[in-house]
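Notes to accompany the following structure.
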């Protein structure tokens, strides 16, 4: 047989093998391995003589063919142990050839579709530049976003309200601190040596403002050396005691109190 | 290829791919028919498209014919072809919009009183986007403009009426920030022991804007909040 | 704008203007109708054009629709305007494409196992032509890329959906005939071989990479230089 076909027209080793098998009018299910192997190898040799680069994949299949050929020479079926999975050494090769052929045929079907589709023409897009040059500004807005934004605003507004109220309270405190200090002074009136836990100074323990007011009043009185206070451990109870100045006149706020404690 | 149908089909395909007005003589040459015959077929085609009220029509210019879109579809083509650029409203625009939505009709002054900040430009932007509009004039001094939301505004949210906005009562009561709410927060946040903790007060003095120090706590510092960063 | 006629008219105008396949959802949005409704109208239109045997038809690619010429007019269009020459895909490209089309999502390794030869460059070329694309990653070792076909693939081969691919199981049964029909297979193979060898000597022998069109085939006179317009 004259193979006046160049190697590079074959899409791969299977393509060449299938070509050779079909050219030899051989059944894929009964490949004469010896014959096809020598044809395959001589084809590759011919190519190499013509200085055509033969890719390694072609050589891999050549090696496989030789391997199968040698196995074919062994007495089969008498020794199923040697190769129990594929009794016929060609089985795997046949399966791969069939798989390849299947897609080869599929590619031929695609080719038909390709050519038929070449007869169908599209038209280019019309000139739509007058539209594309002035994009629509579409507002992205959804109700969640709207509500979230508003809630954020409310939170900020609430904060502002708080600040306002705080300043109001500071004003109020300036008046009532005097009362609270008076109250503390009265606590020690009967017994100036007694020790009072801070919590007893607080009148309304559920009211944070009251707690804070009591605390600041106590601090103020310490500053005015009317009270002493000690705390045994951090976060522990503050124990308040009176000094000899306890009964001196209450001053609403001492002058150098600016920096707090 | 002799039937009128196939000749007209060929002309349709040719006009379609040609794009520009197709000269009847050129078209006729392709099919080996005279210019006159070609014009007759093309005129027939033109009438068919009109009679059937198709979305594309055939326009005749002298002896040339061209596929064009029917006038009545101009709007849809514009909608299709105009690219969409999505924009978001700024936080301030959303706020003003919310105030207008819930308090309408509302004057600019009232909005500014709620927000504590000028909003003339924001209002302008919202009006340009057709989200708010003038609803008349207030009887107050200077007869200021009253603003309200538009149908476009409703459309954005898919509402048919303003009543579908989330309940306004809840939101309004929140604006007032009731005291008991505040006290509840304080009760949660402070315990007796914490008062004595210096760390606590220090920490709060430098607290960022978001975390407002509690008034009670501040009071404990007896005026020490003068330098409080706000 | 509520009648079926006017909706279809709008779609005609939009498809005509758009040129490229027009997505049914996009088209539906313009008219405020659902994608499903849009598809129903567009399918109706498509049938109308076919039934009336118009020179232009509507081609469906998945959920997109496009005006194209009817294939019987190819000759006239070519006479009229010498359209851009079309270049066929190479045999190797087609084989890889066939494997991707039928086995998708598929890794390069799996394709190479079928063909017995490397195909990284072919795959690259197909991806560049947008005929295949990455569809994710396999869970296998090295997490190789999974390839699948694109809408361009469907358009290129004239399929509306992947379901229109000829049944590969039929092909399989065509090959895998039981032993007793071996003679018949052989006869079949002989004829296949004849076609194949002819093709190889005439057409493919001179085309190293991109295959030269077979003489006498439609749209093939073109030769092989011009890039396939896509």
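Here the chain labels run A, B and C in written order, and each chain numbers its own residues starting at 1.
We take it that a residue touches a chain if its C-beta (ideal position, glycine included) is under 8 Å from a C-beta of that chain, and two chains touch if they have at least 3 such contacts.
Worth saying up front: this structure is predicted, and the values here are computed from it rather than measured.
Peer 1: Using CA atoms only, can you tell me which chain is the most central one in this structure?
Peer 2: A
Peer 1: Can you tell me which chain lies farthest from subunit C, using the average of the Cα atoms as each chain's centre?
Peer 2: B
Peer 1: Where the CA atoms of subunit B average out and where those of subunit C average out, how many Å apart are those spots?
Peer 2: Their C-alpha centroids are separated by 41 Å.
Peer 1: Distance between subunit A and subunit B based on Cα centroids, please, to the nearest Å.
Peer 2: The answer is 31 Å.
Peer 1: Using CA atom averages as chain centres, what separation in Å is found between subunit A and subunit C?
Peer 2: The computed centroid separation for subunit A versus subunit C comes out at 36 Å.
Peer 1: When you check subunit B against every other chain, which residues touch at least two of them?
Peer 2: Only 13, 16-17, 77, 81 qualify.
Peer 1: Listing for subunit A: what residues touch at least two other chains?
Peer 2: In subunit A, residues 121, 123-124, 128 touch at least two other chains, as defined above.
Peer 1: In their shared complex, at which residues does subunit A touch subunit B?
Peer 2: Contact set of subunit A toward subunit B: 121, 123-124, 128, 131-132, 134-143, 145-147, 149-150, 152-154, 157-163, 165-166, 169-170, 173, 177, 198-199, 202, 205-209, 211-213, 215-216, 219-220, 231, 234-238, 253, 257-261.
Peer 1: Show me the residue ranges of subunit B that touch subunit A in the complex, using the header's touch definition.
Peer 2: Contact set of subunit B toward subunit A: 13, 16-17, 19, 77-78, 81-89, 91, 94-95, 97-98, 114-116, 129, 131, 156-158, 166, 171, 174-177, 179, 182-183, 186-187, 189-190, 192-198, 201, 212, 214-226, 230.
Peer 1: Spell out the residues on subunit A that touch subunit C in their complex, using ranges where they run on.
Peer 2: 4-6, 8-9, 11-14, 19, 22-23, 25, 27-30, 55, 57, 60-61, 96, 98-107, 109-111, 113-126, 128
Peer 1: Where on subunit B is subunit C touching in the complex?
Peer 2: So the residues of subunit B in touch with subunit C come to 5-6, 8-14, 16-18, 26-27, 30-31, 53-56, 67, 69-70, 72-73, 76-77, 79-81.
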